[in-house]
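Labels run A, B, C, D and E following the written order; every chain starts at residue 1.
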Amino acid sequence: MWVNMGPQHPMTHGLWNLRVKIDGELIVDVDPEVGYLHRGIEKISEDRHYNEIITLMDRCCYVAGIAWEHVYIGAAENALHITAPERAQWLRVMCDELQRLASHIMWYAAFVQDLGLMSPFLYGMRDRDLILDLFQSFTGGRLTYEYNRVGGVRNDVPSGFTDRCRKVMDWLMDRFVEYDRLCLGSEIFRRRCDGLGVLKAKECVDLGVTGPMLRSAGVARDLRKDRPYAVYDRVEFDVAKADAADVTARYLVRMEEMRQSVRIVRQTLDWLDHHPGPVLADHLPRWLGAPYAPMGNEGYLLKRNFPRGTGFAAVEEPHGEAQAYVVNTGGEHPYRTKFRSPVFVNLSAAKHYMIGYRVADIPPIMGSVDICVGEVDR
Amino acid sequence: MATDDLATQLAPRAGANILAVEPFQGLTARVRFRPEGALDVFRAVHDDLGYDHLSMVGAIDWVDHREVFYIVWSDVTKQYLGLSADLTGDAPHIESATPVWPSANWHEREAWELVGVAFDHHPDMRHLLMPDDYAFHPLLRSFKLHEPEELEVKSRSV
Amino acid sequence: MSSPAPAVASPVPPKSAAPLLETEIPLVNGPAVPYVEIETLRAREFIPQAKEALSSLLREQMEGKLLRPVFNWAGRNSLFPLHWGLACCAIEFAAAFGARWDAERFGVVPRSSPRQCDLLIVNGTVTWKVAHKLITLYEQMPEPKWVIAMGNCATGGGPFRTAYSVVPGVDKLVPVDIYIAGCPPRPEALLDGILQLEELIRRRGE
Amino acid sequence: MATAEAAPPPKSSGENPILYVAKPLATAARQFMKSLIRPSTIVYPFERLEDPAFRDKVAVAAGKPIGVGHVWDNYRGVHALNIATCISCNLCAFSCPDLCIDMVTVPGGDPKHPKKCPQIDYGKCSYCGFCSDACPEGCLTMTTKYELATPKRSEMVYSPQKMNEIFERKLPMNPIRVERPSNEDAILLDVPLCIGCNACARDCPTQCITMLDIPKPTPKPGEKLPKRIWKEPVINDSDCVRCGTCISVCPKECLFWGTHT
Amino acid sequence: MSNVTLFDVANGLATLLLTGLGSILPQPLHGWLINPNLIFALAATLFGAILLGASMINTIMLIWFERKMLGRFMDRRGAMHVGYAGLLQNFADGLKLFRKHTLRPREADSLGFYAGPTAYMVTSVLIFGILPISTGWSSGVLPLSLLLALAIFSFAPLFIFISAWSSNNKYSLLGGMRSAAQMIAYEVPILLAVVAVILVSGSFDLTTIVNLQQNYWFWGPLFLALLVFVVGMLAEMERIPFDLPEAEAELVEGWNTEYGGMLFAFFMLADYVRALVGSILVVLLFLGGWTLPSYVPSALTSFPLAGIFWFMLKTYIVFGVFVWIRASLPRVRTDQLLKVGWMRMIPLSLLSVVLAAMLVLVRCLPVFGCVPGLGG
């Protein structure tokens, strides 16, 4: 019997359809169907200025907006041969990690609710709101930040921000203990999640799976360590790793990542306190400067020998490795942008970690993948 | 020089199909190859160079031809490598990478759907993002977007 | 007697209302009739009168004069939205049900099945691929039902309205009662939209 | 490479059915006790986070994480427009990624050059703040007003007058402003192409362009002088807001962006 | 304790009503109305109506209680704007559902689709007629009231399955099958746990069982049986952690996916009726019903309707424990649930029966003193 779980289904956490073939309570076959949220971001980008694409990136993955801004900005800066100032890099790292915290807490809330545990959803949303408050205090938005710019970030953090942020970090560290007590401390939780949705390391690599799913299979791969971008080589942190490759392992990896994120955020706050400086690069091309104005006609644009090139950047987004590929042919719009979404790939491997389990296992397995449909469909 | 090393390493199995190994912003290098020998190149890159993880497959419409690019990652060298092939003709097509990297499946479906590049011997070529009866390839340059309402359509660059 | 619906104690029944009684019932001050019989007949007068009263009551109820305010009050104070998330606004939708804003204070409880909902909150971009499913969901909801277009994508396609796959505004598919601008709207803005919808329902008297 | 083994999962509490669930039960009970007096909920229509008094009140509520202090003023909500200082430079409309800004005529300009101010369609706006960043006069700013629910789609279009009312209500405005870059390109003139038509000087919103006479050259024999007015625009760079209006109105495309060499 | 019984109240009301009505009506009617038989009939009807009304209001209050309490567990407030502290919220919900259009899917089986929820509701409410609330506040002495209550209580899987099957929805069907399997699996331990109570008390009559607990509530000596009974009741009530049939995450709304409007209200209400009945049964069987221990000052037990007050207080506290469990535990999986049911609960309940039998044999409780009223 084929059962359609979606597009409107409480398990999906977004707009996609999981077609499941079941035999009694057993899953025989699955076929994820995506594209219900395909908004053509790559096409719209072709008609936009480099900075204006940032507004699309925020909406591309709505739980990790600023990380996606970083992905895109990295590629665009490569393509335009611009380097952001040091302080901007530190700010980006801080934003990435705050965003990772927010995204993982959101994941925790949704995942545990799928298991039928209701309170943590509320606790998670409550604690996430604090991080969003922090974001709001310097970017002005809760989900859509529009904070990065090609060549830096829009503005510096306001005074007093670092102290507030430290307080929130302390609060969160206490809450993580509580989260663990609610989940790991509960025998029912362990019985439901142990040995579920197993995807071993070899399969993970073959299928291109990245992020916490891969790390839970014992592969300590993290772009922040392996291929440090921004200033990740200057902060201390450990890569979270587990070996069981099941749902519990993913839970443990994400919880550990949150603790490491707090660690990184504290380091960045210390750095930011002591190193004031500019946050936006000088000598930006006219059409990337703060006020956007009409460019002038195409002829002059070509005459002035704008830099050309193709940029590529990869960033360890909360869900996995996100990559952007920006082709710049010298116009004010990119010629082509292409984004690689980690969830897209993790979801495409669904057959390999779902078959053989039970209908009741679908929500925890899918929850442990941490699906954000915005970036799957783009 | 990393590019030379790569070229020599690739030579035994795919030498004839390699057009160039060029440096690239953000990647170790980019290997340009002939689309006819795609599978050989993929095997060589996967087995000999150890790039066992396919990150991304994309296609670009350069009006006169179309380009397919692959980004692969090696856990050994911790590096990204780009592969790219230029496809010409009215019905551009290339061998599917799924036998070498199973993760190419959805990427290739998407590339076919959006840019209209066909992948031969793909196990499951269906529409992915668009409805099943969608007849266009929206990321072609000839496919223009428009404002849904006929309100102030002002030109962006005067 | 042409006056309608005489009082209960009226000795003469109306001609139009009870022609049967007219022929059968002797006048009160006519020939001697046993007391019991008169009382019985009097009791029988109740029947058409009660019928009349009941039917007028029913008619009023049909016209919605009587219980409509009550049902209106009930309907507007217990709006069950459909539990589904489309895009960014769904995250703010979830935040509105989180601990800080707690939409359940207003009796707004998301239900997963459209059969049990009366409020469709379209919280995100609607693509053509999902359009007919949205219409199906709307049609599966029992009357009376309302629609809130939350966020700019649902209102008019938002930043994606030029794209090839996006419906420029959900009002092209289903009738929308309240639009909430914002990209995405804050949870407070969603609550404000729900309160405005309650006000709208009260004004319309549905 | 440094990897942190995620803390090993604690051993399951065994077959003891009473300890199965003791920890989560205790945690929930603790939360119950904590929130008996005041849960974290903001009773929205009556308490508002943007209200400074309320923020101060909840900030002192011990152990209750309601807000992290004064974060609200920075929120990007509806715009406030000061019509009086608007110079109709069009920069906001040009910078809008969503094409939601229309320049509409407002009373107050002279009949020849009507004053145009932005009219914003909030059904399309993505609240990115690019327009207020672009505004050279600081007359278009974003406020904390966010309640935009309306039964009518048309009510989402805010006219300049309506935004001016918001400005007069003195809502807290987004305090963080972007500095204009010090090394801005200036508008340069391609001298041979100019015909001296005065279009740029006429339409310049800051009146920073003056048309200066240039000497009419004496034609050599056989050479035909170009048909033009013998004037040339000179741009006062310190007054120029780099709106590009002159470039867009120039009939000969002789103005362009560049750096003075 | 007050000696006013529920039937007294109903009788008084009926007499008042009929005499009042009769006095304003003309003679023959007057004569008919003031008639002991009629009064008795009306009193019985009123008795039922009061019982029904009270239980319904209690159920709705129970929903309110759960929502408020869950809110505090989750660090939020719960319903608070409709009526004082949200007290009218559930009335609004009910009225709204009453007005909603009732839709029947085209392929659904008409009879089952309507009959299922109705029968579910009716059988759930029926139990209220049997449960004693206080001395005299019961429908009379039914010698087998405990068995009858449990028998009616276990009708539910049948009706759930009928309505799930007839709504022609895959989720409903899965939910219905799960529900049936779960309820059947947990019937047995519940009944065995009750057997322990019956052994100790020697009676099938709920009133007698409560009266036997005047001095010692059964929860102490029969703790194992209480545990089994509570867990089984959680499963029977389909509450977290055993709410698989309506597991929201995988089966949209479980077996009531296709139900809207009044039929859904029936399900919702009947679920809470069952929750109330379950709590009441726990109180009656193990927590001494309306009695208080003898060392409690008599002032606490002598005010009017004290029995009902204490009884309801206990019921709500028991229900509060259920809410607490709901707020802090995830749901289990079907196979685990059945495994726990058949492999853990049944041996435990058998053990509790053996323990109870031993208690009866030795006729004495070493710690708690002798249990009065042991048969034999």
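Simple rule for what comes next: a residue touches a chain if its C-beta (ideal position, glycine included) is under 8 Å from a C-beta of that chain, and two chains touch if they have at least 3 such contacts.
Because the structure is a prediction, the values reported are computed rather than measured.
Q: Between chain C and chain E, which partner chains are common?
A: Neighbours common to chain C and chain E are A, D.
Q: As a test of understanding: of all chains, whose mean C-alpha position lies farthest from that of chain E?
A: B
Q: Quick check on this structure: which chain has its C-alpha centroid closest to the centroid of all protein C-alpha atoms?
A: A
Q: Counting only C-beta pairs in contact, which pair of chains has the most of them?
A: Looking at every pair of chains, the most contacts join A-D.
Q: Measure off the straight-line distance from the CA centroid of chain A to the CA centroid of chain C, and report it in whole Å.
A: From the centre of chain A to the centre of chain C is 43 Å.
Q: Could you grab the centroid distance between chain B and chain D? Build each centroid from C-alpha atoms only and quote it in angstrom.
A: Here chain B and chain D have centroids separated by 38 Å.
Q: Report, in whole Å, the distance between the mean C-alpha point of chain A and the mean C-alpha point of chain D.
A: Their C-alpha centroids are separated by 26 Å.
Q: Measuring from the mean C-alpha position of chain A to the mean C-alpha position of chain E, what distance in angstrom results?
A: Here chain A and chain E have centroids separated by 48 Å.
Q: If I count partner chains per residue in chain D, which residues reach a count of at least 2?
A: As it turns out, chain D has residues touching two or more other chains at 21, 24, 27-28, 31, 39-41, 43, 94, 97-98, 126-127, 244, 247-248.
Q: If a residue has to touch 2 or more other chains to count, which residues of chain C qualify?
A: Residues 98-100, 102, 105, 112, 129, 157, 159, 161-165, 183, 186 of chain C each touch two or more of the other chains.
Q: Quick check on chain E: which residues sit in contact with 2+ other chains?
A: Correct list: 71, 73-77, 80, 248, 252, 327-329.
Q: Given the complex with chain A, which residues does chain B contribute to the contact?
A: Residues in contact with chain A: 24-27, 52-56, 58, 60-61, 69, 71, 75, 78-80, 82, 101-103, 105-107, 114, 127-131, 138-139, 143, 145, 156-158.
Q: Where on chain D does chain E make contact in their complex?
A: Those in contact with chain E are residues 17, 21, 24-25, 27-29, 31-32, 34-36, 39-41, 43.
Q: Where on chain D is chain A touching in the complex?
A: 1-7, 9-10, 12-13, 19-24, 26-28, 31, 40, 65, 67-72, 74-76, 91, 94-95, 97-98, 126-130, 133-136, 142, 174-185, 241-244, 247-248, 253, 255-258
Q: Would you mind writing out the residues of chain D in touch with chain C in their complex?
A: Touching chain C from chain D are residues 39-45, 48-49, 66, 97-98, 122-127, 146-153, 156.
Q: Where on chain A does chain B make contact in their complex?
A: Against chain B, the touching part of chain A is residues 34-35, 38, 40, 42-44, 47, 49, 74-75, 78-79, 205-209, 219, 221, 226-227, 294-298, 309-314, 321, 323, 325, 327, 332, 335-336, 338, 340, 344-345, 348-349, 377.
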